[in-house]
Amino acid sequence: MNIQIINPNSSKKITDDIKKAIKKYDINNKNLVFTTALDGPETIESSFDECFSATTVLETIKKNTHKYFDAHIIACFGDPGLDAAREFADVPVIGIAEASMHFASLVATKFTIITTVSRMKTHTENLLYKYGYDRKCSKVRAINCPVLSLVDEFDISRGILEEECVKAIDDDNIGAIILGCAGMAGLSTDLTAKYGIPIIDGVISAIYLSEALINSNITTSKHGDYAFPPEKKYLGKFKNMGTTL
Amino acid sequence: MNIQIINPNSSKKITDDIKKAIKKYDINNKNLVFTTALDGPETIESSFDECFSATTVLETIKKNTHKYFDAHIIACFGDPGLDAAREFADVPVIGIAEASMHFASLVATKFTIITTVSRMKTHTENLLYKYGYDRKCSKVRAINCPVLSLVDEFDISRGILEEECVKAIDDDNIGAIILGCAGMAGLSTDLTAKYGIPIIDGVISAIYLSEALINSNITTSKHGDYAFPPEKKYLGKFKNMGTTL
Amino acid sequence: MNIQIINPNSSKKITDDIKKAIKKYDINNKNLVFTTALDGPETIESSFDECFSATTVLETIKKNTHKYFDAHIIACFGDPGLDAAREFADVPVIGIAEASMHFASLVATKFTIITTVSRMKTHTENLLYKYGYDRKCSKVRAINCPVLSLVDEFDISRGILEEECVKAIDDDNIGAIILGCAGMAGLSTDLTAKYGIPIIDGVISAIYLSEALINSNITTSKHGDYAFPPEKKYLGKFKNMGTTL
Amino acid sequence: MNIQIINPNSSKKITDDIKKAIKKYDINNKNLVFTTALDGPETIESSFDECFSATTVLETIKKNTHKYFDAHIIACFGDPGLDAAREFADVPVIGIAEASMHFASLVATKFTIITTVSRMKTHTENLLYKYGYDRKCSKVRAINCPVLSLVDEFDISRGILEEECVKAIDDDNIGAIILGCAGMAGLSTDLTAKYGIPIIDGVISAIYLSEALINSNITTSKHGDYAFPPEKKYLGKFKNMGTTL
Amino acid sequence: MNIQIINPNSSKKITDDIKKAIKKYDINNKNLVFTTALDGPETIESSFDECFSATTVLETIKKNTHKYFDAHIIACFGDPGLDAAREFADVPVIGIAEASMHFASLVATKFTIITTVSRMKTHTENLLYKYGYDRKCSKVRAINCPVLSLVDEFDISRGILEEECVKAIDDDNIGAIILGCAGMAGLSTDLTAKYGIPIIDGVISAIYLSEALINSNITTSKHGDYAFPPEKKYLGKFKNMGTTL
Amino acid sequence: MNIQIINPNSSKKITDDIKKAIKKYDINNKNLVFTTALDGPETIESSFDECFSATTVLETIKKNTHKYFDAHIIACFGDPGLDAAREFADVPVIGIAEASMHFASLVATKFTIITTVSRMKTHTENLLYKYGYDRKCSKVRAINCPVLSLVDEFDISRGILEEECVKAIDDDNIGAIILGCAGMAGLSTDLTAKYGIPIIDGVISAIYLSEALINSNITTSKHGDYAFPPEKKYLGKFKNMGTTL
């Protein structure tokens, strides 16, 4: 089973973080291929960033069509390019925000999401609605740390994150917490143990959710609006995508 | 990995059907234990039936606490007793309606559910809302066949079901179909191949979704409203549950 | 006019409390028959409790089919077994959560509900949605007193409850308060007088709402999903219900 | 018990119709005072009509403050002036659309409303939302008969109305029907008997619902936004209302 | 281009305030005709006030049908009589609450509304829902100043209003603020400059939004429920409206 | 007043169509600058297309920062890149889907949208929700003509479009129709006249709505999530954007 994990942030440090986080889990039977989306923004903290990272996600999938993947994972909590990737790919595509929300809703009636900077709160609320989890999310909290600080100033950020977890557990009437950034990968196991409440990481969730779909023989529908649109001309810089599109 | 699959219908024919359906999938690494809830209604086609089947689900879990299970699956499309079972059990509990809705939403923007009798349409709509999929479901359709006819008059029921699939594909602006009854288990593979659109079975979905949670080390929260309530006296017939509750 | 008031809690102390509360009202023309559901949990404070109490409610109605009732009232704020009871009975069935929400919405644009333990908050929110009052409820508050403390430690609980009423009046932008537990019956008259705002009790509301339906000649529909389902076999312990079902 | 029934239509024929309809019910213990709102539109079939009828409702209550009423009923399916009347009156005020929706939701999971002209469909949908019943209403149907035709061409209108009832029963997945016009009062008993499904009239519902509130000692909140606003100057034609306002 | 600006409050001081506020904008090409609705309440702070002000708005339009207007603006934040005015008039009619919500949603993902007295909060929430902006409004805040205090005690009120703006900017996760009262007109320019965030006034918004509709040749639909209803008799005081209605 | 009208489709034929359509309106006082987004897909009929067109919209704005614009219009009914463009630009940015929905809601209580291919129906429903108009849209209809057919086979497409308008007017209980594609620009005036109901074009709506914002001195908020994010490194192909970003 080959699963491509695409980091839409162009920062390799975040890719390395994700790799390290996964080592704590048993993934023997899966071949995980990590790809850093080189061309886009270093980190994704706005709609502007998301637009460019969405195209890099699509190009990353395109460039690798000679390899076979059983699923693609978009490892950024904004799930950039998810619907477009489903149109393009023939296999399941899973976003990490989506996967963590699915899992949280299976083990708790209400959950809180902790995101990085406060400007991402509305983005996260939009995703909650998109996936149907707006009524299950008690609160979206922000720790006001930029994504890269999770890597570069890990100890400080982790402290702030843990404080926010405690507030969520005390005040939000919840049963679970979602870590709302790929840069927080690797903390879920420790924090779950420490606080006695499921604290959920999107990357891990997405890997096992992908595997579940693959084993169920359920793949992205090619009937309806996920069908790839009729061949058309791309002028200018995407011309090189022309023949197969 | 031990997974208990509870058929809340007291009909063993339905349990046998489910067993047969699963044979088409690779479940080598999982020990599936099937239990038919003996005391309840033969089939579940009303709120009245669901009340009694919910308690049989709970008693089935209770009676087997000396065995170890990694997850429990409630194999009836009404997901009877799901929240109560999550309070009682320490491991993940998954309903088949819930599981199929999760999977359909990952491979299509809109789906249709085909249920048995028309009186279950409102029940299904309530579940869609509960799990957050009301906006993703284009239509709940009924074939007006009682649950047992799916076993006893399989050929007739299957014909009617296929006609309804065709109507859904033509008219509902959808990308996937959910088979809304455990008694329809086993048809999903053939129908998916025949109609070229994901046609999703809840039991299969629930098995692999349970496995995904188990492997992710994410289990039912015991913080908040899924915590089991403080010990209390059960008078009369549930007295025998008294000591451990 | 005969109205059966079913206390789904198996605690007779709560039944006595309800009886005492009603004495303050003029019920001359109604014959109120109180039934304590003996077999179920002593108090209902979880989904697990609700499952078992729902079946005791149904059995209580079943056992009394030789008597004639014009309506049944389910006197627990979770309204356990309400839909199932409507399928089974030919006369109106009213839950006390439902009745109090109907009445609050007729005298105020927004209301607050005060429940017992915080784990019941999500349950109450689910009921608000079910009955259509989610947008009219400003806040669900919990006093963190178990149901029985309302009987056994009445003075302490009442003090805490009154403090919560004051907070609701000051902070929630509301016009009414609902007492969210049958064990709070009897306080509504005094608290309404003391705080100058409608403070509503579900049991009283349900009695007069039942009478209103009876006098209007409007009874539970037997067309659609409240029709009792076709006769079917109940194996095991409900076998004795077989003939009439 | 004195209940004022205000017909906001200035047509006395409709008031007479309502009086006749009520004769079929036992109202011995209640003194019903009928008032036709003389100044407003003959019938209410638009937002424009509703604006003027709302003020006539308020003036009708104002003119009768020397008499004592235990409740006021607004007997037009648009419930014109309902919130304003609640601010002004000290006793319960009930609209007939509101009352019928409350009652339908107590005896069926889904209902259909049959209104007069199609232009009132959106008005009715707005009321459904306001009262919280938008999710319980399967469909709003219009018979395209003006209100007065229900009086002046009773036989023709009744035939069309019955045809629409049959369509609703066959196609709408419902358990009850609401007659969406005061001019349809009096048909509910016969149609319920004929079609074997609750067919609900708003005036009857409002009378018994008012009585239920009165007996429960629950009256319109004077805390919050139903409190009457501080005295203020009304210039021009409402000057005569000045002293008590 | 002739635009009628109707002040539904009968206070001329508020009309003067609005006139003064507009002077800061370039309206060279538009002829703005100001009308104070003489008969209604001095200020509008309740549903009761709104009922009477709605009819004065309609009568103001009616009295001026001999003049030609390209659009009518209802300059009170409750938008009283808006739907009725659209039925009656052949040209666009815009409410200032509506206009300000449209504009705020075009420049920010979330906004806060600051209203006068707290009893208007629920009214404002109802308008947010009506126009579709309930999900974009982060919070409705009240400064607890009556409308006239904005004119009579301008300096005090302005101070309180600015404090509330600061709280909104700090706590509400917003990008814009709407001034929720015609009496606040004239402050938007200064406050926008002072706080560096769009602070939006409804009257200005309504003037330019009306102009946009006029220039687009888009006017109120006369198909569907904004069509003026068939001629009917108005008894009593509206008789004088009879011939043209 | 300089307004940039960006055609995100790379087809110049569509730009020409839009130009021609605008000639019917008085735009004397505005300098409209048309830009065809050269690099992206010829037409936009999928999420995949939208991803690439979103970045071309952003690059088109970026390339022209040496010119001064008072507003930017995104002239494709999917409004690709709208939120990102608002983050990047200092002046108002308006999408044509957004603008047409705003205008339709000001002149009718309900409207229908007619889109091109059926696969865009879910996209349009998502936009309706995003802007708050989901409850005002009665139906999204598709004519099943690709975008380019509106230019290349104008007469055939127009015939099909008119048939769909007639169906909408007859069946959808609406007061207005929105033409859901920039390629339909130019038909609104004729169709409005022919069918006697507002038939609304997004480009015209967006031009006058932009002007309204500009004249109101209301521009995109730079407080909150439309603030442009902190400077960051763009690797690879967007490097050339580095200095100013």
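Per-chain residue numbering starts at 1, and chain names A, B, C, D, E and F are given in the order in which the chains are listed.
FYI, a residue touches a chain if its C-beta (ideal position, glycine included) is under 8 Å from a C-beta of that chain, and two chains touch if they have at least 3 such contacts.
Here's who's who by UniProt: A, B, C, D, E, F = Aspartate/glutamate racemase family protein.
Keep in mind it's a predicted model, so treat the numbers as computed, not measured.
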(message) Touching both chain C and chain D, which chains are there?
(response) B, E
(request) Could you tell me which chains make contact with chain D and chain E both? (result) C, F
(message) Tell me the rotation angle, 0 to 180 degrees, that brings the C-alpha atoms of chain B onto chain F, to the nearest 5.
(response) 120
(request) Just grab the chain with the largest centre-to-centre distance to chain B, centres being mean Cα coordinates. (result) E
(request) Give, as an integer number of Å, the spacing between the C-alpha centres of chain F and chain D. (result) 44
(message) Can you compute the centre-to-centre distance for chain C and chain F, using the mean CA position of each chain? Integer Å is fine.
(response) 53
(request) Would you mind pulling out the distance in Å between where the CA atoms of chain A average out and where those of chain B do? (result) 28
(message) Quick check on chain B: which residues sit in contact with 2+ other chains?
(response) 83, 86, 109-110, 121-122, 173, 224-225
(request) Return all touching chain pairs. (result) A-B, A-C, A-E, A-F, B-C, B-D, B-F, C-D, C-E, D-E, D-F, E-F
(message) Considering only the defined contacts, which chain C positions touch chain E in the complex?
(response) 109-110, 173
(request) Sort out for me which residues of chain F touch chain A in the complex. (result) 10, 38-43, 45-52, 54-55, 58, 81, 83-84, 86-88, 119-123, 126, 129-130, 146, 224-225, 227-230, 232-238
(message) Please output the residues of chain A touching chain E within their complex, sorted ascending.
(response) 118, 121-122
(message) With touch defined as at the start, can you tell me which chain D residues reach chain C in the complex?
(response) 25-26, 83, 86, 92, 94, 98, 102-103, 105-110, 131-136, 169, 173-176, 189, 192, 196-198, 200, 204-205, 208-209, 211-213, 215-226
